[in-house]
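What follows is subunit A paired twice: with subunit B in the first complex and subunit C in the second.
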Partner chain A sequence: MESGIFDRIIMQLVTGLYWTLCLSMAASILSLIVGFVAGLIKSIHVPIITYVVNFYTYIVRGVPFLLLLFIIYYVLPFFNIRLSPFIAGVLSLVIHEGAYMTEIIRSGIESVEKGQHEAAHSLGLNYFQKMRYIILPQAIKITLPPLAGQFVLLIKSTALISLIGLTDLTRVGRQLTQRGENPFLIFFIVGIFYFVICYPIINISDRLERSV
Partner chain B sequence: MNYFFQWRIIEKYSDYFYRGFFNTLSISAISISLALIFGIILAILKRSEIKGLSWLSGGYINLIRSTPLLVQVYFVYFGLPYININISGYWCGVIALVLNSGAYISEIVRAGLESIPNGQVEAAQSLGIDKRQTYIYIILPQALRKIIPPLIGQFTYLIKDSSILAAIGIYELTNTANVVHARTFKPIEPFVVALLGYIIIVTILMISANILKKKFSLSGY
Partner chain C sequence: MSGINQDIMVNINNVCKSYGQLEVLKDINFSVAKGEVVVICGPSGSGKSTLIRCINRLEKINSGEIIVDDISIQNPKTKIVDISKNIGMVFQDFNLFPHMTVLKNITFAPVKVKKLKLKEAKAIATKLLERVGILDKADQYPSSLSGGQKQRVAIARSLAMQPELILFDEPTSALDPEMVGEVLSVMRDLADDGMTMIVVTHEMGFAREVADEVIFLDDGVLIEKTTPEDFFNNPNHKRAQEFLSQIL
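Take a look at the complex of A and B:
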């Protein structure tokens, strides 16, 4: 029995791990882009667009991720937009995590001293030059630790997409227990898989935070 | 798009929504109180001078922070019956939330405790106050001031996290919306109700956090 544990459990879980990783990668990159653009907009106060972005971050941060996922997966088909669980998962992760990343990036930009903005202006730099050479290099240092923490939350949120039918790590674990495997063992191993992915990122985030 | 929002559905299933709203609030309230106690214990263990205890507490916190809540919920909900401990789904949910939130709260508490300057402890020592009394009368009252605003933040996270208990069939707000959707085949109305429910709770907590933050902030700190 012990010899079969590898084929029976570990190999199955690795196939689930593949989907968890795909989902995390796609959602991380896209939500970082959303957060970056929306964070920039929020920091420069364009009248109407800033209100729209404020409304977006306010609503999304007040809503549980699972509810958002259900809304996207169940309400959109009502308007004849059918999404696969994977696409629905990526979309809801990007909307959800994008809002948090917006706040992180905005606070990073705003934490750079006002004098730096004024100095850049007085040197005759335009907005893009100012951001590229003065503000962002300083802001990145501050935003990196919370951003890494947010990536960990994103990876952990992917587990919920198993509830709409994507066979990710958590769902494979659930299926194995339905076949009568020991749930303690299975979910412990599933936990170890997530731990191996997330703990290094948490560790880096903690270290960066201490060094800032 | 000519779609009419059908209030009748909400009216017809209003009992469901009340129950869902109440369950979300009660699970969250019970869990946050227990998690606060658990979190304080974890934080004190982590600061303890006995290496084994602080290592154990730190390991636990890292393990919880690195794994999804859904896996922890499954671990409790499917694991406990396997070793012949049968408790209702509601309390399995509470246990999982307490185990999870306790780890995060302990980090908040620890940051609060560490923000108290060492001079306070030394002053207490020189006055002949013992360690336990130092904690209770000197450190904790000062730390609490700093802990309360982030603690309310954690409470909002916990309320949102309680939606995950839909996965084990507890009728909280998210699951209620899902059930009403399954019965009526109308997704918009129930999900809008759930959405507004969460936003109302979170907004109230955010406002109260801001008020408390102003009330507890001292000049010079």
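Take a look at the complex of A and C:
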């Protein structure tokens, strides 16, 4: 080995890891916000808006993520909307994962017993107080395990963003093998990187599931 | 109890309610005087729960009028806060807030809705917990309580809002038999203290001993409204006779 494995491989992969983490975090936070707002809207049945939200979740859940990514990256330029791979990646992840989080949060809110709403009503709480102090705290507890699972899926989906040229962990790995590094070694290390990011979340999710 | 009629707490006039085609309440009329205990009984599906749920607007009515303490309950302009300050409710399934301690369950609404200081609310809650006999559970969560204890907390929670009237919707139906007594005894104390109560229950013993009046509903129609003695000893209507023969 001429230069050390560390300089040659690990440092390169760490720059890829940086983009994977940036992408994961930005997309997680934004898709959680989308899911929260849309899930809340879906659970309270605002006439027209709920219809729009339903349309959104149905469409997105029925279309492959990769197709959504390609549409955003390759089709939007025809409408003079040119996005960087990173922004296109965040946007497509948020649209896609947001739809799933919407459903998770809606089902969490709806799984709080009707009696809780009635008790809040009979004690004179207004809608905001009821949601803020009674319904959402219980709903969040129910939704945490599936949400954590969804975050793991999101992180793993970021690997697909490498296909539009973002130099994330997966893309750096491919570049290294194209430069003649041993694919077995490289993809093994890449796999470990992903696992190290995802494992704590999977672990938390499992624990939460048991405690609910 | 005659002569108590001068002070009317609840007035129910020509109340009708239907779910789609199904009429669940058909032209219901009655009034409840201040301090009176009224037990509503009847076969399942007769509309008795729906009726008391209309009294604090958990259900909307199609026509008629419900007045509690000079407030028109079903008027859309009436704020839910004003209803809740006057009317407490105790549910069959307790509906305690599982993520709050017993004490917080009781202090929460007085603080948030009546804007009481936490200290005052705690003082009231402590007194109420003592009254229903579970002060030692103040810092526990509902999940660690028995059914009877939960229901006593629920009663304390509704009392904390200092209502003029409490509605009980089958308060003992979800309890194991050995816990029914402790809840009924709390309710009996409340009645003795002069609380106005409307109670939907199958506990005929309670109705006989505590109620000032018994209302018998069948198929959405108010069939009898009379004293417990009359109701149990010589019910006028055939449906009431059949009901009593099945339940007693």
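Methods note: the second predicted complex is superposed on the first by the 210 of 212 C-alpha atoms of A that agree within 3 Å, B and C clash if a C-alpha of one lies under 4 Å from a C-alpha of the other, contacts with A are read in each partner's own complex, and residues count from 1 in each chain.
Going forward, contacts are C-beta pairs under 8 Å (C-beta built on N, C-alpha and C of every residue); 3 or more make two chains touch, one makes a residue touch a chain.
Here the structure is a predicted model, which is why all the values come from computation and not from measurement.
With the C-alpha superposition on subunit A as described, subunit C and subunit B fit side by side in the combined arrangement.
Residue by residue along subunit A, subunit B and subunit C are tallied for touches, and B comes out ahead. After overlaying the two complexes on the shared chain, residue contacts for A:Gly124 are found with subunit C alone; subunit B is out of touch. In the superposition on chain A, A:Ser24 makes contact with neither subunit B nor subunit C. Looking at the shared chain after the overlay, A:Thr167 reaches neither subunit B nor subunit C. By the touch criterion defined above, A:Tyr133 reaches subunit C but does not reach subunit B. Vertex at the C-alpha centre of subunit A, arms toward the centres of subunit B and subunit C: the angle is 100 degrees, rounded to a multiple of 10.
With both structures placed on the common chain, the touch criterion links A:Lys141 to subunit C but leaves subunit B unconnected. Nearest C-alpha atoms belonging to subunit B and subunit C sit 21 Å apart in the superposition, given in whole angstrom. Common to the subunit B and subunit C contact sets on subunit A is no residue at all.
Those residues of subunit C whose C-beta lies close enough to touch subunit A in the complex are 56-58, 80-81, 83-85, 87-89, 91, 93-99, 108-109, 112-114, 157-158, 161.
Those residues of subunit A whose C-beta lies close enough to touch subunit C in the complex are 113, 115-116, 118-119, 121-126, 129, 133-134, 137-138, 141.
Residues of subunit A that touch subunit B in their complex: 59, 61-67, 70-71, 74-75, 78-79, 152, 156-160, 162-163, 170, 173-174, 177, 182-184, 187-188, 190-191, 194-195, 197-199, 202. Residues of subunit B touching subunit A in their complex: 1, 62-63, 65-72, 74-75, 78-79, 82-83, 159-164, 166-167, 173-174, 177-178, 181, 187-188, 191, 194-195, 198-199, 202-203.
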